[in-house]
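Below, chain A partners chain B and then partners chain C, in two separate complexes.
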Partner chain A sequence: MDNPLSDLDRPNSYIGRSVPRPNAARLLAGQGRYVDDLRLPRMLHAAFLRSPFAHARIVSVDTAAARAMQGVAGVFTRADMDGVCTPWVGTLAHFTGLKSAPQGPLAGERATWQGEPVAIVCARSRAEAEDAAALIDIEWEELEPLPPLAAALEAAPLHPELRDNLAFTRAVDVGGADSAFALEDSVVVEAAFRTGRHTGVTLEPRAILADWQPGEEKLTVHHSFQAPHMMREVLSKHLALPEAAVRVVCGDVGGSFGIKVHIYPDEIATCVASRLLGRPVKFIADRLESFTSDIHCRDHEVAARLAVGPDGRLRALEMDDVTGIGPYSVYPRTSAVEGNQVVNLTGSWYALPAYKARLRVAFQTRTPTCQYRAVGHPVAVAVTEGLMDLAAERLGMDPAALRRLNLIPDDAYPHTSPAGLRFEALSLQKSFDKLLAMMDYDALRRDQAEARSRGVYRGIGLASFVELTNPGPAFYGIGGAPISAQDGTMVRLDPGGSVTVSSSVTEQGQGTEAVLAQVVAHQLSIPVKDVRVVTGDTERTPYGGGTWASRGAGIGGESALQAARALKANILALAGAVMQADPSDLDLRDGQVVDAAGAPRMAMAEVGRLGYFRVDLLPPGFQPEFSVIRHWLPRQYPFAFTNGAQASYLEVDPDTGFVKLLGHWVVEDCGTVINPLLVDEQVRGGVVQGIGAALLEECLYDERDNLLTGSMADYLVPMMGEMPDIAVGHVETPTKESVLGAKGAGEAGTAGAPAAVMNAINDALRPLGAAKIQQQPATPERILRALGKV
Partner chain B sequence: MKAAAFAYLRARNIGEVFAALAEHGSDARVLAGGQSLIAALNLRLSEPRLLVDITGLSELRGIVVTPAGLRIGALTRHVEILRSAEVARHAPLLAQAVPHVAHAAIRNRGTIGGSLALSDPAAEYPAVALACGAVMHLHGPDGRRDVPAEAFFRGLYETALGETELLEAVTFPPPPADARHAFDELSRRHGDYALVGIALRAGLRDGLVRNLRAAFVNGGLRPVLATSAAAAAEGLPPAEAAEAAAAALDRDLDPPGDHHASAAMRLHLARVLTRRAIHSIGSAA
Partner chain C sequence: MSETILRLTVNGEAVEATAPARTHLIDFLRERLELTGSHAGCEHGVCGACTVRVNGDAVRGCLVLAAACEGAEVWTIEGLTATGEVAALQEAFRERNALQCGFCTPGMIVAAAELLRDVKSPTREEIRDHMSGNYCRCTGYHAIVDAIETASRA
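The block that comes next holds the complex of A and B.
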């Protein structure tokens, strides 16, 4: 059997291996150091008075009683902050026409969502701060909230200076759609899709500890955040501080999902309060504050239709998306990106000749929305794959066969989608075939038929998808945001032969640091335990974007690879100089410099000793360079697209509308898999969040835009007990842009799972003649309504 | 959010409890397992001046078989009920219900007395107590009195307990010899408050349903005994009884509507549970 030794057979080969996360044991043992664990001398605790109304004028504020309370060091309103902090506007230049109003750290004359921070109290303890906040006397004049979604576009403008409530609109028409729908033999299916407004519930809530040191005139911010360098730019700009006077430190972060990459008024207000008081101020969002002030997302109403030929070939897709974003476009990433992604992505993984789309982004008097895991993808996939199932049913075709017929062929790359997305190389067909094999599609169909004969209603749902990862400057930087698309890694050889790595990508529990350690250890052929990784500190790492949009491994990993390779060259140069050998004949193997025959010639520790302590022994003029930094970003493609396919098998109880998940399958192609364990964890976690969207999670408001789901008993997140087994398979199509070949893996699970689950529910209900359910989450009540039982 | 400041009294005997309640009235709250009260304090939904911790009163603890039935002390924790052989033998409906009570961490601390005294319509024990005809033993400064479950639960978080009275224990009378039991509930996720639940006891003689007692979780603003459904099912074979009882439920229940489920949805689910419960007692060996 031809089974040659591969790269993985070398000692200390880690790329492609399931190396456990080095921080897992520490975190599991309760030894994490989160922002709330930090206690600084003279530290104060912040509590916010938040608007009880969705929309109200602040007629007057009296803080005298709160200020007089024992333990209170300061109470501030917007007026106190205006001279210290400039307002911001969440727009980007490349979103033509995107508009928003200036927003500050606290509400000014008006509150525009329930939960908007109005005043901050800083006291010796959080309890005292809350006691004092309750004493702030505000005279409110309640105003009308905006009507829901599309109706808001017709209502009086929330911000009169913006003239209307249309924050952003975009139309795409590549031509041919109208005529394709008009063709006599076109089979046309259409549906209205609704995705529930939801939010990312991080185990550790948002947290910030701002420490203004007047003596040094320096602001140090300990922050539960994904992008420390961006936060530093924002604080420097809006608090008018020199860049060098701001340090942002992100220690352990207990989950982020995109929630912790935005500018939140209460966090800026905490920094301003520290500046005004000259003392450290800590703010930890409690769960109610999280639900009312963490960004929400996915509040979309989409009307869509699909034209298919009698042969099953797609002819055209048309969609109209209205999405609500709350009262402000969130700074600095803006709230137009999600809807824009929906327009860009819908239908893009199929061979689609014609595409027409319209997006309208509406202001609302609800919590602001912004980017959360898989931004726009779950909506685009639910719409596209929902239409595919409707078309299959209408054509009398098997839904798997219809998909297989229309997926972009694996040999058709590079490919440009109708909306202009460029795909370097995808494996849609191969991934879909593998999915059908993994789930044993035919056997499941037999099981489904057998169950139906017993009066048990099971359904199979399929969904293919693409996922945008490794974004370049085209995402944000081009629009003027202080968001770096490049990342940098420093790799330093220490005298004993171990290696210290510091990187601008960040760790929130997903294992970024493990991946960086693997890449470096692999290049240098040293045990991974000898690599120590530092992230999340603007004073201790190279400059870069941080971790978001599935970029940690693909971009941070490649910069680590390049840095490690450069360090390796420097190590071999020293060894060559000492041994009078040509460095190109030398290599690193298992902690040793080896010669061309693989024989050990010099230990790494000896290299380190010579390079640091005995430079006198080196040839004159030879300068060892054992700290190497390399920066990297993708240049040829604006994004590295990944792809995959998912399937759900479930059972619906037609009497109760309850759904029982029986199984879930995912095939994902994220290019080079650096750590299968971590990738599978990412996929499974993402699937679970997607299942949450499909079945459970929804931020609900009453008619006055009061949030009804402000606790974990009201906002239902998926729990272990209800989750199915999730089988994960891989196809690897490395990107040729980098040596590493890794693309992102963080969002694929969330992108595809809701569509698969929704399709499975409709498949289960098909023999019962139920109306189609295209509204997420598919709650028991919505299912019973579709069945006409309630 | 942090709880507002309060004073704390760890009672050494029941006299201290009565004295504290007499002195502070509605400004005092009794703390048992704390699984509802502490959450309410931490959300500042409740801001009592004084918490009277009764968990040191060992006489309020324990499960004993008495001639009147199975007597369970108010401080008995859910986990103890879950593991009790006496409960399984003498109060089978209660035994069926306990696994549905919240999560393990809550069952380790929460008490049966706390749950009954709170009278949350979404809780399991009040419905079970009603279906079983349980008797509440109340103790106050003026002495003891017994109140049947039917008279105990008065409304949303409202019971027959006087301001200075304490729920000391509950007795589940021995079920009739031919009684069969069914407990079921529908919750979105395991351990959540149920959308609707049913606690049902009925006799089955000569294949006919007799003396059905069905009480509902979230069937109204307080635990509700479905008397119309019981009358409709009386003397019918299980399949017919199930339909008749389900059809009659709208006369018994007035379920709340909220963002978890509309009132119509809860009524529908209560009918589904009623059918299933009666079928299950009909088919049980």
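The block that comes next holds the complex of A and C.
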């Protein structure tokens, strides 16, 4: 490792070290504390009546029977909430032209997707609340659902005041594409790509416990969520409460992946119900509710083509993306980001002289879509890398060689992509070379040929990619969203020499707390077990954005590093004052203040004792400051791009269409790796989600837009039996924006895996003359269709 | 709602409690006995988050009615932790970072303990096979397989 911080000779040096997470033992013992584990005095349980139709007018609602049921404390509809909670609109100023309609905590006169909450029942138990919800009498007038994707753009507007169903559109043309495609010697390949609508399926469903304390005029919300400060802003604004009257606490969160970072009507309705009743109200989504009301994503239809010269050099890429977002753009991050990212990212890791793209985002009468892990990347990578394989086949070139020829060279940074993305420094070539070495590409090709001679169809799929991490204010803040791009960490020396850290980044299992503890322990040279980290509480941490878009380590970690350095300076200042030494001659080593020769001079506990209890012994006017807060955000680049490459090796059974995964390899460059143990498994988890997209996961609807995949028996997710071992390698190109040099690692796996798997399937089927499969998931049925067997 | 009286042994202690007849074991454990270490992920028998041990076997707490456990011997992650029976598995999971959010983890441990009871040194394939009813959305499963492998050889 060439990172100067990785001085592993010292015992309390933690950067780059695989130390287990401090919170793991607790979770392993069943001592996690998730929202559903909490119980408060007088707590009520919420159940929702949801629209059974994709699109229907609510003619009348009669809640009398439900209200009369024993155990029921309150039943509310939109009319009951209008005076307490103002509606919201999911638009942001920097997405020019993005439009959406006002949305409230419950459907008003009309339901616009199956599963939209219409009424909330609060009762002593969930079972009673559900029984009462079944007694609510609603007269519906069913309306026509919108037709799928592109056709929706021509249909009558879902929200008449918006005039049409085009929520957002964007076009990019850097010039030169048309002429490149027209060149006589250009080899042009084209394809239609389809990514399935899918969703997060966090094992812990969405969960919220809202506790309005009338005596204090304060709303405390225990929330399975990634961005507590954002939630606080939203509640404060729409429930008209001062910010200080809202506390959002995120304890243990059972997986999030971008699902738990949006404003959901049912969660706001739960808060409003608590306010109206003056009692705590808990809502835990059940699995059916999760499938119909968690955000969906990746519903894209992309037509794309690529022009390549006879020498294999890329000349131009053109693509047209139509995506559907459901009836509303989701508040406050909007539903334009995913499509926008597809346009920004496609082709951006190759030396591409010309690029032309169009995006159209359509309203639908299906569950709203929004940002989910790797936002837009899997689509952009599938399109780009799918085209690369088609081009290689047409040129008769090895697909690895074609990629190697066109990747942006490692010495060509900084680089600006055709769509305007700025890359500080990437290692695309080095990562790709490392991938080929790890998988032993040539040996796999030989194995593939040998298998084919036995009538066994194996395929190799490759995919390079870039990944957007550490977003600055350009992502949301400039558009007016109440989302902080900076994060803050407080580091406090305790009198006995241990350290308490509180940070605005949050933990959902990635190991945020472990990473912060490692960074602080490293700076102060103390054992990591002496550092205790607090996150996820708007009353107990500095202000900041939370953890999403892979920003925990890169942004939160740097704020922790800066705070720890400042605390160290204050510690050394006190030691210097007491010992009459120049603080710059002192350092911290293994819990001791040491002098220039490295000899221990004063224990941290002694520093703490003097600083807190015996200030009288310090020189007059010397004020110890042992609680230090630092905030940090990247400023030179709007995002820290990372890069990587993936490969899949698999076998397709041409008789059944079944795919058996034989191996998967990832090389990821996320800058400084703080804890390889955590990063590797996070990358693998991302890969498995990407494999799910490629092979299994899809939200299916019938022609009335009824969701057909409302249980885990219908919506298939990857399970242990069918997943391969996944080899992970690293290249480290630290960002120079921060001292720590860490970038994010959360999206890489999900970004690249679908493309690698799809390419491998097409590679396996090539000798059989099958049609290309560019539709995810590649189910057995679709594979048999491509083979002309069904 | 009609409540039934239940007598059973949970984590080695005799328990007598009432619950509505329709209550599933997982809700009975979590709500009546405050054993919140076992989780409900799908309530459909698919995800394995609710896996607990009943009369020696790993079962899905969301598929079994509490009333059907009259007289049964039930062990949850809390009890298995207290007796130290799953300590080697827990340590291997911790060392290998075979968990992230931890929501699947108690169910994973109970299922893995059953495998290690029956098979002394399972292969990776046998591990994947046995554990394929336990869903994890966070890890890539690889670390879980590693951890179980390590524990089996401890």
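Criterion: the second predicted complex is superposed on the first by the 784 of 790 C-alpha atoms of A that agree within 3 Å, B and C clash if a C-alpha of one lies under 4 Å from a C-alpha of the other, contacts with A are read in each partner's own complex, and residues count from 1 in each chain.
One rule holds for everything that comes next: a contact is a pair of C-beta atoms (placed from the backbone, for glycine too) under 8 Å apart; a residue touches a chain by one contact, two chains touch by 3 or more.
Every value quoted in this text rests on a predicted model; they were computed, and no experiment measured them.
Tell me which partner A:Leu700 touches in the superposition: chain B (first), chain C (second), both or neither.
The answer is first: A:Leu700 touches chain B but not chain C.
Looking at the overlay, what does A:Glu130 touch: chain B (first), chain C (second), both, or neither?
The first partner, chain B, only.
With both structures placed on chain A, which of the two partners, chain B or chain C, ends up touching more residues of chain A?
If we count touched residues of chain A for both partners, the winner is C.
Is A:Asp655 contacted by the first partner chain B, the second partner chain C, both or neither?
first
State whether A:Ala713 touches chain B only (first), chain C only (second), both chains, or neither.
Once the two structures are laid over each other on A, A:Ala713 reaches both partners.
Who does A:Ile726 touch here: chain B (first), chain C (second), both, or neither?
second
Counting only touches as set out at the top, which of chain B and chain C does A:Val790 meet: first, second, both, neither?
first
Answer with first, second, both or neither: which of chain B and chain C does A:Ser584 touch in the superposed model?
After superposition on chain A, A:Ser584 lies in contact with neither partner.
Tell me which partner A:Glu781 touches in the superposition: chain B (first), chain C (second), both or neither.
first
Which chain A residues lie in the overlap of the chain B contact set and the chain C contact set?
Of chain A, residues 127, 286, 711, 713, 718-719, 721-722 contact chain B in one complex and chain C in the other.
List the residues on chain B that touch chain A in their complex, please.
1-5, 43-44, 186, 188-193, 195, 259-262, 264-265, 268-269, 272
Where on chain A does chain B make contact in their complex?
Result: residues 125-127, 130-131, 286, 288, 655-656, 658, 696, 700, 708-709, 711, 713-714, 716, 718-719, 721-722, 779-781, 784, 789-790 of chain A touch chain B.
Can you check the complex and tell me which residues of chain C touch chain A?
1, 20, 22, 30, 35-44, 46-47, 49, 76-78, 81, 90, 93-106, 109, 124, 127-129, 131-145
Considering only the defined contacts, which chain A positions touch chain C in the complex?
Going by the criterion above, the answer is residues 20-21, 23-25, 27-34, 36-37, 127-128, 200-205, 252-257, 286-287, 508-511, 677-678, 680-689, 711-713, 717-723, 725-726, 749.
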